[in-house]
Structures are given as C-alpha cells and as structure tokens.
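These are the structures, in structure tokens.
Both complexes below contain chain A, partnered by chain B and then by chain C.
Now for the complex of A and B:
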C-alpha cells in the first residue's frame, strides 16, 4: 500500500496586490500570488524546483511600510500586507539590476533577458566600455557539458541543485568573494578531477545557459543551434526501474540535449548521468 | 552524502597536528585516520554526528592558518575528511575570508591599514617605505609579505600595521601603531621582538575621570585580574539579575530604553523579550565583536581594557534570553582582545562564574570565542550565523528574523559589545537612574570613536545629547581647518564643519539627515583629498561585498568605476557620472539583501549633497 501524506487544508491569506484584494494559500510567496493573478514579474534566480535564494533581485516589489524592496520570489504573503509590483521604485531597481547584469555578464542565451531590457529601458552600455566584466573563458574540460562562466549571474541554483537540495554531491560551491566570486569545484579543479557525477541537474536549473550540453555549446559555436528546428519528445528513461521522464531535444535527427519535466512528481526534473547523457546508443546507426 | 576527497593531496605532519590539536586524533579511517580495517572496516562512521561538527570548519581553518600561514590543498582535504565537509564547500569558505590564503605565502604577513583614518595620517608613506624595504605589496621577501588592509581598528594611533607570524604553539603578533616604514618592516621581520602595545586605557583620554559609565573601569581595574574586577563592584549586576529573574532583567533593560549600539539602534529589551518568548530551544546568545566598520575601535578598547565586564554582561544577557551557550564572535584582527577575553573567560569558568552552575544559582552558561577571519560582512547579524556555522559568511534574508530562526536555526539574540556592557550599569543603578542620562529618545551614554584631525583622538564616553562640536571640544578640538566630519563610518555619512551643533542622539542625527552608526567621528581637514577618500570608501565596499546579490556585487564595482572617472573632475564634467551614481546607489539601497549594500552609497551621497565635493 502506498502511503499518501495528507496535509491539512491550507488557510487562505488575503492581502492587497496592486490595489486589488487577492487570496493565496498560507505559505505562498508574493510571486505565487502575482503569477496566479496573471502578473508578469521577471525572475532569474528563482526556480520552480528550488528554494529561492533571492540573489538576483530582479523580482523586487514594493511592500507598503517596508524600508527596502522585497524579493517577490521568497517573501511570503502575509495577511493585510499591501504589495505594489509596478511602482517607479520597483521598476527602477529592476532596471538597474538588469543593467548591472548585462554590463558584466553575457546574457545572450538568457531567455527573456532581451525582452526585459527593452521593457525596463535598461541601458547597460552607459557604464562605459571599461566597465568590469566576468571575463571568463568557457571551461571545456569534459565531453558532456560546458561551464561558460562568462554567462554566470551567480544565482546559486547549480550549487543548490548539486548540493543539499537535490543531488547531494556537493561538487561545486561559490568560491571567492564579491565581484570575484565564481562557481568552482575544490581548488578550482577541472570537473573530471572533482566530485561531479555528471547528473547534469545543474544544467537543468541554470537560468542563463552558462551551463550547457557540449552538443549545444558546439552547435552554438558553429552557428547551427536553432531551437525552431528542434522537436521535443518526452519519453521514459529505459535504464532502470525508476522511470524518470526524459525530454529529448532533437535537431536534424540528432539528440542535442536532454531535459526532464519539472512537474514529474517523483524526480522533479532531476536525472542521473545515464538518463541525462547516455543517449548515444539511440543514434548509433551502424 | 558521498564525498570525494583528493586521492593525491596529503597533509604534512605539521598540518595534521594543527588540525588534530583542535579536533583530537581521528578515530578511524572514516574520519581522516589511516586505513579502514579490523573493527572499523564495516562500521561506517560519520553521518549526522560528523556533520554536526561543521561549525568547527572555521576554527579548523584558523588552526591551520595560525600554524602554517596558508591553507594547502592537502591541509584543506584533511580538515574536510575530519569534519565530513565537502571539499568544494570548504574551498568556498576558505576563499571567502581575506585573512586566509589558498596560495602559498610566507609565514609572516604584515597588513598595513590604508583605510580612512590611516590614509589621513600617512599610510601612503608607510606603504611607499615598505616597498623600498620589503619590495612591492604581495611579493614575498625575507620570509614575509606585506599587503594593504582595510581598517584595523587602531584609528587613534594611525597609521597602523599588524604583523602575524604563523608558528607553533601560537602565532606571534605585533601591532605597530603609529607605524613608520622602519617599525613596520621590523615587525614583519621579527614580530616577536616588536615593542609591546601601549595600555588599552591610552586610547581613552578621559580614563579615570568621574562620570564615566562604560569606560569607568578601563585603566582603573587590572584587565587580567578577576579579583580586582570583583573588588571594584564586578558581578554585582549579575547578582541583581538573579534576584530579578529573567523577566525582571528584560523589564529593566526595556524601561531603561537601551537600544543597540552596533548601528541599527534596535531596542535591546524588545529583542531579548522576543528571543526569551520563543518556544523553540535551545536559545543562543551572540556577542557581535566583529568590529570592522572603518573608524570604529570602541569594542576593542572595551574588551582590552575591561574584559570581565563583557563576560558578566554576556552572562546576564544569556540568563535573560534563556540561552545556555553564548558565542563571542571576535574580529580576527584583534590579537590582544582575543588574549584578554579568552583569559577572562577561562578565569570566570575556573571560579564558577561560567559553567554548569553560575554563582550557585543553578543556571548553566558558557561562552565560546569564535574568531572572524577578515570579512566586514560577518558583522551583519545573519552573516555571523553562517560564519559560525562554518558556511560562507553571507547574510540571510529576513524574515525569518534571528529571534525566531538564528544560529543553527534556533532563536538567537545578537548584541554588540557596547550594548551588552550598558546592561551592567542598568542593573547596578536601576532603569530610572540609567534613563536619567541622555535624552528621551536616546538614553544613557555613548562611546564615540574620535579619529582624524583632532588633538586627542580616542574613545570618548559622553551622555547622548552632546553636540558634535561639544564632543570635538572634549577631544581637544580640530587640528588644522576641518573640511568634513564622517559620522557613523563608511556606512554613515559626512557632515560639514558648520554643522557642529548636531546633537549626537539617534533622533538628532536622523533629523539632521545623517546617522550615529557605530559611533565613528572622523575629522578630515583641508589637506585631505576628498575624492580619493570617497574612492577608498567605494573600494572598501567593493572589496567587502560578499557577492551574493546583484545590486551590491556589481553595484559597488560600478560605483568605484564612476568615482575613479570623476576623481579629478568637477561641475558639468562630473554631472553624468554623479547621475549614474545616484541611480545605482538608489537601487543598491532599495534592492540589496543586507545593510552592506543598502548603505554602500550613503557616504558618497552625503559627500556629493552635503559637502559639494564635485562642484
């Protein structure tokens, strides 16, 4: 018999969102409420399968009476609070955060970055040509995935996915401090010398494309990566009995990357090395 | 957790001994010993018991750094095996702190303060001289290396330098202040032969004068003698606390109107009450002695001059909040305060004033010192938790607040040294007598760290309500023509020399659009190049940003870049960059996670608006 954990019904909390009364279950975040109300608040470091780290600050909103802005992704709704998502103050911070990121990090593969930069009228170029950047060369130290830290916004999602929130491998952590902080294995070692088990769950959660399949990295470098030409097929991994879902991304009849649906109730988008990278036999045509 | 340790990196015998002296010898191959055989072959140790010792990571790193001078891959790997810490995380922690190095370096490191007070008193000449004597900063020479450093908390004796030579059994330290290139180089070559530091009370020009409350014992009581402390009325406050009971102590502190002296001015009684009421146990008490705000040195003087007062005050705070374990998080750059406080704690424990049964009252309380390792951010009240827990010292987001979920996820009260020492006089004299001093909104007395262009720099204790001019008069007046006064440190703001009538109270400074902060009062005269001072402030924040949130991590860099561009410009030539600074500053203030980013633009803003620096 399968034990299904029952939860007591969650109380509803009522608060004001942009002047309108909204009700959300107790424990819901402001972001949950915004999304339920159809409001589009930008997010980068927030992930549907991870505890928010609220490091990027692009989702800040104004909570009446608070000295500073609050990150919508992690601030829980409280009864009676009055939240405004689109004030000049909140928009200003979002704009500057986008400018700071775009002026220091390569956001070319970050979904929606371009759209938000336009929407918030961010002008990252105004910090000048001399503005300090990440200046990292892609780390290509294995044939499965590439770490291109020039695209890294230090959102901590890969660290959390590798560590205690999912994989429990702890192969990577944030090293250094401030603007010099980088995601690194111990002694900044290459992945083959680290504790990495190549589950690729860090790639799954990376919001900027800093972590990508080697196949994707190579295709992008060759200018051949084209998502319009890709088909996505969700299937079941054939390796073991867990039955993880795989979504195969196929371009020109080749599997170019493997993801997993985050709403899978068992695996929440996580895979192991076999499901994530062990697809070569499928395309072995000899 | 299936951790992978290095197959090749091995610790030297000395490194192994440094770790084992702290943790005891390994029990088996499971925690860093040799081999797995016999009884231990099939008996997996570790797991939760080992992970519960994660908070010993920082002390372990200190043990290695104290003895070896740097953290080699083999040493780090061995420490990880001993504590079951993932090597990547330990590397992340080791590289977070500026006192540690994961690259080889000589045993002796000389840090020369180049921060505001020292820069105004000639730290540039010290650095130039050291370049001639020892070569460029960061280059090993004669078994030593020197490097510029943020504020060392020795502002009354600026310019200052601190030499530390790693070794057994304990590192040799030398505080050189005021430093010359010659004395600094000599300290780097032979820290053990450096002249002893002057007595702590020499930082207190008022020492021995009547009317002092917090500083009354500095210079009159032997800081090494518990008997002398007791003969001067010590431990009367703790006895009174036991007579009042925890709720009574909190009531007195609340009625006295005591607010935190670390900078945020939060009512101490409310904090204690909220902690004491938490049903979750255990409760923790943390004394925040990570005094790193440039220009601040009051806590150092209190700890060096009257260490038993802090031990007693922490015991009272622990009693009131229901804590049985107190942590004293002490700045890593304070060797003498460390020695004095450690000795005081040991003495108090030996005499039953700490331990299982304090004063025979059936209350158990003990204090553990945790040393910081060079990170301003660890003075932030939630970063301090992460630092003690052996994580990177990054602030947590609030809510939840520390009184609810603090250290190890348990209710925690965090108080500054000066705040705690105030409690003694509240209990000795009663809340009403305490509150009779000062103003209605700011009761009691305040310690001011006066430095820069004044005749007698040092720590001054004056009742709240004295004006800025009154304080500077007490300090012997300004030397030279004052150009600006920095209030509250780099997180505070500048005021003009014609604003000396600002009353030094929390409400008075707020009304004047500035802040008391941690009590820094730094006078800059006309010889000081203000744009360069602002650049130094910006460099400080860029250096000390933990890197967690974008507004602070990148914003502090952009702030420094803009200030660098306009350092020699004024008027229209600087206008664009000033507009840029305002926009970035506003986002840092609004959207940063913690107080560091939120205040990183304060001083620059005040210099532009109040002093008209770039006009």
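Now for the complex of A and C:
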C-alpha cells in the first residue's frame, strides 16, 4: 500500500493572458504563466523555492469576472480564464502597496524597489514622515547574522524557510498580532538563545535585506560592499558528501557571501551552517 | 577550570614549499628544491625496495581529475597499486558491500526519491546533523506522508523526526537486521517472486537468520521485540522504501558485514531497483564517492573497473602505454601496517590528515614518523604535514581549481575556481605532473577538462558527461554511457527485467554473522564510547575550525543524566576519559538522548581533545575500516586542582598513572599501562 501516490504527468491548461492564448502545465500559477510569457510582474513575498503566504499583494492581476484582484503568485491558472496584468485597477493597487511599504519601512536594499516605485508612480512621501516605523538599530547578537527590523515587510518568507517548507527548525515565528505583529526568533529571543542552527536559509529568501549575513552587513557599514566588483561562481561544497552547490560571491579575492542556486536539484537553494559559512579556512592567508 | 576559548582557531594557509633541513626542522624552500627532494625520495624508495615500497594517500576532498592523475601517477610512474584514500576510514564497507551484492559500489537511489517514498529507515545515521541538506529531502518525504524509522544507539536529532526510534546497543546491527529479516520471512511478507528471479542464496540466508527470533534479538540489541516486529512489517509492506545508513553501520570491525545485513533486507523485500525503493549510504566527504570511481583505490581502475580483469587492464595499458601489475595494492589500513613492517618506505600524502583521523592516533603518528620519506601536499601545515620531509602547498580544490566531484547520489558536478590561491600554492594536478616529469613521465594537461576527457575515454560510466553537459544539467549521475541520454535516477532496474539475459547477474544474499565489538566493556572500562559529528564542525576540524559558529562548544564527552549522576559530575566539569589505548581530559555534557553506559564524543577538536587516542584500530578485514564507533572507556571524576593543570591531550599510556580520582567502584588499581595497544586483538 502506498501512502504517497506518484504524480501522473501533468496536463497543459490553456487560458488568455492580456488577450493572448497561453498554455501552462496544470497546477502552474498565473505568475508562472506571466514569467513564461516574458511579462514582468513585481513580487516581494513570493519566492521561487517557497509557497507564498500572499502577504504583500504587489503581484495582483485582474481576473475577468472576479470581484477582487487576484495575487498572481498564488492563484492557479484555470482553463479558459481571462487574465489582465496591466489594467488601471491592478496598477493602482500595486502603486498603493508600494507606497504603504516604502513609507513604513526602509526599502533601500530591496532589489528593484526603486525601479517599481518609479514605474508605478508611487509617492510614499504622501503619508508623511510619521508613517515610518523605523527607529530600531540593527540587531547584531552573533557572528553570523544581522536582523534589521527597519527593513522587514512581514512577508513570512523567513518563517516559511525556517519552518516546514524547508529547514523545519522553527526558530522564526510571528510574535504579536495586528499592528504589533513582527517577525521574531521564538518570543523575541536573542538568536543564540533560540533554536537557530545558522543555516542562513532565511537570509537566502529575505527579499529586502532585513536579514543579512554579517559579512555583508559589515562591508556595507564600512562602505566597501560593491556588487559591481563581485563575481559569482558556482562550485560544490567542501564538506560532507551530499554535494551542495555553492555560489561564491567574491570581492577582491575574498568570499563575502555564499548562496545556492534555487533551481539546484540537490539544495533547492538551501544550505547548512558549514556550506554557508565554512569558507574562512581558505582565506586564512598570511 | 580551564576556560576554552571558542574563537576560531586558525590553521594558516601554506604559501610556500617546506623541506626538512639537516637539523630536522621544516624550512622554506623553492619549488624546484622541494620537488627535487620529493621526487628523489620516491625514486630512492623504488630503487632500493621496489615499487610496492611506495604508497599514495589520495584525497577525498579533491576533484575527480586530481584523483585520476594521482592514481595514474601511482600506477604508471611508481608502478604499484598502493593507492587509497580516507574513504577507508568511513564508507569503504558500503562500497565493498554494495559491489558484492550488485557489482557496483554506489548508492542505488537519488535524493529526490526520498521525497516520494513511503518509508524511510535511517540506520546509524544522524543525517540531521551530518548531512543536513539530504535530511531536507527526508523532511519533504515526511511531509508528503512517508514514515521515518530511526535506528541508532543515540536518540539523535534525526530520531526526533522519526515515528519510531529503535535504540539498539552499539555493535548489534546484525542481530537486529537478522531479526527483521526472520520476522519478514515468518510473517509471509518476503517478496518471493523477486527473490526467485533476482537473488541467490536465500535458503542459506533464511537458515542464518532463523535463530534470531524477536526475543533473542531483544536480549542482544536491547530493542523491544514489538519495535523490531513493527519495523519489519512496515518495511516489508511499504510500496516503496528507502534504507539509508552512515558511519554507524560502517565504522565497525565488521562494517562490510553490517552493510550486507542491511542489503539483505532490500533483497528480501524487493526494495531496490525501483523508483523510490533503494539503498543510500550517505557519504561523508565531498568527493569520497568520486575518489573511488576514479580508481584512487587499490583494487579498481578508473570507472570502478576491476584491476584483475585482463581486458580492463589491457585497455588501460594501451591507453597509458604502461604495464599494470595484475594484483591489488595495499589499502590505507594495510599501508599503515606495512609502515610498521618497513615494507612501505615512502608515502605521498595529498590532502589527508591521517595523523589525527586514524583510529588509535598515537600508533598512526609513530608509524608515519618511521617512514624514510613522507611528502605531504596540503593547504595547511596539518599534524601529518609536520611529520613530513617535504611539504608542498596546494590549492583548495573546491574554490581554487576547476574540475568535478561526485556526491552521494552519484551526481558528478562541476567545481569551479572562484578565488586566487595564496602565495606560491599550486594546483594538485600541476604538482603531481611536475613530480611525474622529474621521474621520467612528461604529462601535459592543458586544464582539468583535458584530464576529464581522458577519464571519459577509459570509463564507460562517465563517457557521456562532457563539461558542457554537466553544466547544462547541474550535474549528471553515473552511469552515463551516452552523449544524448540521461539514465534513470536509480540503479539496478535490471533486477526487475522479465528477460533473464537483461536481468543480468543475481544479487547474492550476504551470509553474515553477529560479531560483537572488539573492545569489550568490562568492570574496568564499563562505558561504551561511540563517536560522530556535530552540526557545525567537521572531521579533524582543520576546515571547520576557523568557522566562528555560535553553536560551538568545543569537545565534550556526552553522558546520559543517569551516568552523570552516578559519577557525580555536571555539565562543564572536566573529567578524565580512559580507554585501553589512551586517556584524555574533556568537559562533560549531559545529553538525555543517551542511555546508561553509552557516551559520545567527536573528533572535531583533536588539538584540544584527541578522541582518536581512545578509539581502537580494529579493522574490517574486507574493507579495512576501523571500529571508531565502539570503544570501551572509563570516565573518572577529577578532584579540584588537577583539571586546570592537566594536558587535555592524551597521555599516551607511557606508563604514568592516571591523575584523577577514580570513583568507579570496580578495579581501578592497575593503571591502564598494563594494557598495551589494542590488547583485545585486531583483525590481523
């Protein structure tokens, strides 16, 4: 008796995207279809290795006949549906989402945020300076991670990566409710007092830089972080025999950050503490 | 109490060659001088004592390409098959067991299949710590509905995820496996159609396991009969099942027998050769699979082709224009023994640290010191390098060279150069070729890809893996004989073929017997010490030592709460730990996952606590792996002042009396000095 049925081959589904017929495998989302068709829909809480929580609503699209806008990242494609990605209503909604986020948190290290704000003509400043909830110094309570709450948009990706979607360590959770909700290590513990195992898989998925490697944080603080000068090379981890792929980010011949390709069949973008941080031995050069 | 400084301890990179001068110190030398000295020593050993006086320790951390060149150097330049690597200290029994059953030494399944199986058995494997990303695939499987059984003396962080944990006594894996097999047979759950068509030796196996009733096994293993029965029924009735193991199975004096006992269960139930059903040994080093595949082992040529097969030899002889000696070389363990008997005179050790990684490290150091000529090629001045006549600074394979490595699921993946090596450090292949040139063989490889293409031309299993294809597919699993096809993710599908010709050779059951650990517990050494890894550290700590880990607490001897209470010791308190071979001082950590009479240590901090001075060099006669997992020890409470003063490294039983107060009731009067090395007898 099998408890785990193997998946039969997936059928293709046809629907209309911005007036053109598209075909995607059954189970694909509208976002998958958009990306396959080369359409650029902004996303924040969606991650290519995670099932999103629909927290940010920046990817909304209009589904013909539906009362509300649909998050493209989560809504599955259905046969015959008609989807429009660029209607006035969808664009307005994205604009407001960007305004709300950019007025309340620091998006300076969020890739593409600036570009989207310009594209959607968002004006975060219209909410005034009081909208910002930025007043916290970054938390540096260990040698590996920095947590900068001024940049957190409560997207839940770190919670999911640490929880049952990948790491299953459950060190990260949402503490508080409503306006007081915030991401915390357990009930606001210091990281070394939590269940954290320093795999860095939360940092790998963080879309805003709220979570960062201390190596990156220190270089940024010193004004030395320069992605223009960095080369990314994918190789294989030097520790156990699992064979995780590591992408080494190298600046001035120093490894400054380690990530893993999200589409890699071994890691799916995840690493352990050794793969993520165990590179210092090669740089103990005299 | 000595406060352990937990800041990273830094092994500095080697940046220039070193040679031993007239006064016995290692001094800086030019590359030419160092290479001349290295080559001259090898030539002399060969001239005076024959080719078999040379031995190569190849590197399970380096690339396939480097391992290919290292074994070629051994066979073509030096003319011997004495080439091996530290796979000997970990998974050689898995390779030996799997190839005896199926003719191929690789794990039969892929990681992805663990996500789509019904039952996962983790046997002697704390993958949650030792192979964390493999365990993520296991967790996916669990979330998909698979049941997990953990078989381990310790209730590990892996066992915490299991539906059932079978906490067997150390070294009783065969009784447990046999009892499971017997129960499957008696319950009528054996897959007789598969057994009849694809296996041999079933009757002898059934006879062998017959005495292992559930209650007999309960008495020997300590696992309740109902739990053994539960695992037997779950495994036999699962549609698909994965049986995974690590060093808890292999690091025993009968490791290969242990592996055979597990394989028997797969043969009995047909859990092999199908998607989602298979056997997965989780390899401990980034390229321990590849090292063997490349022929850096004494009995196989590249592509895991048998050295004794005349057709195979002929192919390599014509490819390499050489004559290959038609007999197996010495494995690592036998090379160490041959150092003792002075048959082995010169060793070329690349990227290994046997002085600290071998069981009974005191003995290993002594044997290495006795060599006429030791050349160590490494990125650090390891404890082994400190003993060398010539030290050659190499590049770090995984980030300073190009090439490939092969992982536990047989996936060959590209390694790429990302940083420039320090100082005068040179690539391994470059160094080996420079030595080959001095010894009369001019090999020129333009780059790693050229080495790989040479390997592809002689190894059918790798033929289809061009560098371009490896990049395109993010690695390819062997076998890959074709340039335009990818084989299934699992091995031995042939066993299910209806046509006997396509089914190929039958997989024999292994007829193996229980043989308890060589180092017995008794009144003097009443506690069973087992060893393993922690999450944030690795092997002898040369690599992981400089990782500043918030989790790290240094070496500690882990005891169960009952034993700690009985000894009157608490977490953090230093104690003396003595075995029949050595003694160390280490602080205590109390772990409720252990049981009375069971202690746990790692070998991650040998410069602080030399755990391998306690372990026994009792070797598996087939694979040569030592019984790291089962030593008998005594734990002694120290009185007030002695802790701070005592060296935490082993006082190597040079006759001195232990300093600590014994609180063990039993016979502590005769000091450990009455017991010479490995008194309980080794496999030789």
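Keep this in mind: the second predicted complex is superposed on the first by the 275 of 286 C-alpha atoms of A that agree within 3 Å, B and C clash if a C-alpha of one lies under 4 Å from a C-alpha of the other, contacts with A are read in each partner's own complex, and residues count from 1 in each chain.
Assume a residue touches a chain if its C-beta (ideal position, glycine included) is under 8 Å from a C-beta of that chain, and two chains touch if they have at least 3 such contacts.
Bear in mind the structure is a predicted one, so any value in this text is a computation, not a measurement.
The superposition on chain A brings chain B alongside chain C with room for both.
After overlaying the two complexes on the shared chain, residue contacts for A:212 are found with neither chain B nor chain C. Of the two partner chains, chain C is the only one touched by A:144; chain B is not. With both structures placed on the common chain, the touch criterion links A:199 to chain C but leaves chain B unconnected. Contacts of A:103 after superposition on the shared chain: chain B is touched, whereas chain C is not. By the document's definition of touching, of the two partners only chain C reaches A:264; chain B does not. By the document's definition of touching, of the two partners only chain C reaches A:250; chain B does not. Once chain A of one complex is fitted onto chain A of the other, the partner contacts of A:46 are absent, as it touches neither chain B nor chain C.
Geometry note, superposition on chain A: angle between chain B and chain C about the Cα centre of chain A is 110 degrees, to the nearest 10. Residue contacts after overlaying the shared chain place A:168 against chain B and chain C alike. Of the two partner chains placed by the overlay, only chain B lies in contact with A:127; chain C stays clear of it.
Overlay on chain A (Cα): least separation between chain B and chain C is 5 Å.
Under the contact criterion defined above, the residues of chain A that touch both chain B in one complex and chain C in the other are 168.
By the touch criterion stated above, chain C contacts chain A in their complex at residues 8, 10-13, 15, 61, 111-112, 116-118, 130-134, 136, 139, 141, 143-147, 161, 237-240, 275-276, 282-289, 379-380, 396-400, 405-409, 411, 413-420, 422-423, 474-475, 535-536, 538, 542-551. Those residues of chain B that touch chain A in the complex are listed here as 1-4, 6, 73, 76-77, 86-92, 95-96, 98, 102, 375, 392, 397, 399, 542-551, 553-558, 561, 565, 580, 583-584, 586-587, 589-593, 598. Considering their complex, residues 1-4, 6, 142-144, 164, 166-168, 191-192, 196-199, 231, 233-245, 248, 250, 253-255, 261, 263-268, 270-275, 277-286 of chain A touch chain C. For chain A in complex with chain B, the residues that touch the partner chain are 53-58, 60, 68-69, 71, 74-76, 89, 92-93, 95-97, 100-101, 103-104, 126-128, 130-132, 153-154, 156, 163, 168-181, 184-188, 194-195.
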